[in-house]
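Per-chain residue numbering starts at 1, and chain names A, B, C, D, E and F are given in the order in which the chains are listed.
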Amino acid sequence: MIYITRKEHFNAAHRLYRSDYSDARNLEVFGKCSNPNWHGHNYELFVTVKGNVDPETGFLINLKTLSSIINTFVLDRLDHKNINLEVDFMSGRLASTENLAIAIWEQLESPVREAGAALHSVKLYETERNFVEYFGN
Amino acid sequence: MIYITRKEHFNAAHRLYRSDYSDARNLEVFGKCSNPNWHGHNYELFVTVKGNVDPETGFLINLKTLSSIINTFVLDRLDHKNINLEVDFMSGRLASTENLAIAIWEQLESPVREAGAALHSVKLYETERNFVEYFGN
Amino acid sequence: MIYITRKEHFNAAHRLYRSDYSDARNLEVFGKCSNPNWHGHNYELFVTVKGNVDPETGFLINLKTLSSIINTFVLDRLDHKNINLEVDFMSGRLASTENLAIAIWEQLESPVREAGAALHSVKLYETERNFVEYFGN
Amino acid sequence: MIYITRKEHFNAAHRLYRSDYSDARNLEVFGKCSNPNWHGHNYELFVTVKGNVDPETGFLINLKTLSSIINTFVLDRLDHKNINLEVDFMSGRLASTENLAIAIWEQLESPVREAGAALHSVKLYETERNFVEYFGN
Amino acid sequence: MIYITRKEHFNAAHRLYRSDYSDARNLEVFGKCSNPNWHGHNYELFVTVKGNVDPETGFLINLKTLSSIINTFVLDRLDHKNINLEVDFMSGRLASTENLAIAIWEQLESPVREAGAALHSVKLYETERNFVEYFGN
Amino acid sequence: MIYITRKEHFNAAHRLYRSDYSDARNLEVFGKCSNPNWHGHNYELFVTVKGNVDPETGFLINLKTLSSIINTFVLDRLDHKNINLEVDFMSGRLASTENLAIAIWEQLESPVREAGAALHSVKLYETERNFVEYFGN
């Protein structure tokens, strides 16, 4: 069993708030992140897959294949988007880093399996000092 | 003459577009950055000041003073904001990294001078791979 | 189960030595780190907590809460201090990175639990090339 | 149980190809990495060992010992070398990052054990965006 | 006048040696870098251009244009190549970082000017700890 | 004219204070940095030299030579030392980053010239967010 990780990034706008909270309550819970006019981040995404090395190629998975999966299922839908308004797989979910990491896992699990590997973890940096890791439930 | 640099950061949303361009023309010139629903960045800001070392303190400028100036005149007005809608010193300007670096210079030049140093440069990273430097005109 | 990490830093002085060793023996075992006049580091600290996402906020833990815990229980007692002389929770312990990581874990475990999460790991960089991780015993 | 990691680096040339593949097939599977004239990388290597803290020294393992083991068993044989042509422990293996990480583990496992610790993982960056981790089988 | 920088990277193999030196002399002057079987690097390239901001777009130069120039004139000819054997603009030159930075400048100066900006500097990292800067002669 | 930079690092303890200030005044001016029990840093040092490329070697200066100069004249005297107590070239000077950068310049200027290059700048990071540059007077 070996693990290989691909680092990608995307830029997006978001806002943390609940429509059933007052503005004051949103500000209290979510701070500056509740700004109604949005703010944004350069997200860094680390996708780790695991499996056995193919003795013919020396690869666990061809990184071009892995990168292509991440682009198709995640980056094309998130990069330069508004997470609250434009990302179908985040619809109805609070746009927290935790929820975004879980949703990215859900997009990647099947296509990674179909490519012959197993998804091990999704690690998502919102800023250089804050990141979330999800390993499936 | 010695130079000292303070690195700060802020997160913001923005959009590159001209209201006198059609949507198609905005997309052609500004690409994904013209998304009407905004996107955002973790901006990294390097402010460099120059001057002589005070023989009594060994400092060119007390970094607490410099950091306080940057916070008051720049970060408090930019962090977690929408650059197009909420930042007074960017009003009427295209929200490009170039224009933002020049506008940050304009906010900092006087207060740095009043603190006894001279502003040397503003260096602004929009992403890890793109940055702008401005040294005044 | 999800994991969230907060990166913090502090600067401190320390020295590696045993009072029951001769100077020569201290130098042999601890090298330049045994310098009686101290040396110091910019320590980087990564604190990882785990738990479930609160469906109301989308948070595992509010990062302001986590950062506040780390500041109160660790950074305020370590930053710009002499680890051998001034840090009560290191009293009587060799000031190695290993012992420091374990002691930081001990300071954080209870307050993180009281905040509704579980401490998962403490990762402590002494230099860019050396770091220790502790996951509890 | 505590974990300590040492980061090292080396520069090397390599090529991904199979002599039983045609040039066209090599290009299809391995892309630009199959270039017959070689290419190379600045590899970053993170070696993690685990064990108990020695109460006398406060160390899991003396980092000078660990660094010396990595230099003797890995770096002296890899740094500024051609992985396909000059590295005995890669003889007969495809020079992929996966195979290289596994081979590095095999070189380090015994000497780390003889030094009183246990090898936990080998993490090898081929580029800033691609890395492999191996924890033994 | 404003400055904008684009960071790119490429991987390549090379060797430092002179055919009119003996092997012993090559080893003495160039050390491990003279290995006849090659070694390689992940080069980081920072290209800085300068000029005025276009008031219509807010850009000094469209970064897609700059990136395209760097790809066409430099990266496509260097990435995953052997600098000594396969890079026409390095033919007859020692493959040192100094000479490579100068040669990259020569490839970029005209196309950057034709795109309406002026090339300011080429900064080339061979390793994280060694880099060269060239500003033209 | 070309510029080459070598990055080195050292760890040291220091304290900012004036013996002719009261403790309260030291605290007011120098903050936590005036702690009588010292604190310390992982300093990053970038030394840039300039000159012409030697057509025979392709080098401005052999980096082994430059690294050796920095080690002999700076690092051996600073690494794992107390800057206030043990570093002769800082004797009688406040241990600020500004003064340290100037003093490092003074140590390096002659030996770099004797090695056939010209010292261009000394850049010294005290923390990741604060650094000083000195280009001579």
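A few comments on the model shown:
In this section, contacts are C-beta pairs under 8 Å (C-beta built on N, C-alpha and C of every residue); 3 or more make two chains touch, one makes a residue touch a chain.
Quick caveat, the model's predicted, so the values are computed rather than measured.
Any chain touching subunit D that also touches subunit E would appear here, but none does.
Listed here as common contacts of subunit A and subunit C: D. Residues touching across the subunit E and subunit F pair largely diverge in numbering: under half of the numbers involved belong to both copies.
Centres computed as Cα averages put subunit B at a distance of 34 Å from subunit C. We define each chain's centre as the mean of its Cα atoms; on that basis subunit B and subunit E are separated by 29 Å.
Centre-to-centre spacing of subunit B and subunit D amounts to 42 Å, using the average Cα coordinate of each chain. Counting only residues that touch two or more partner chains, subunit F has 128. In summary, the structure contains touching chain pairs A-B, A-C, A-D, B-E, B-F, C-D, C-F, D-E, E-F. Chain contact summary for the complex, subunit F toward subunit C: residues 9, 11-14, 32-33, 35, 37-42, 79-82, 85-86, 127-128. Residues of subunit E touching subunit F in their complex: 16, 18, 29-31, 93-99, 101-102, 128-135, 137. Contact residues on subunit E toward subunit B in their complex (touch as defined above): 1-8, 48, 53, 56-60, 62-64.
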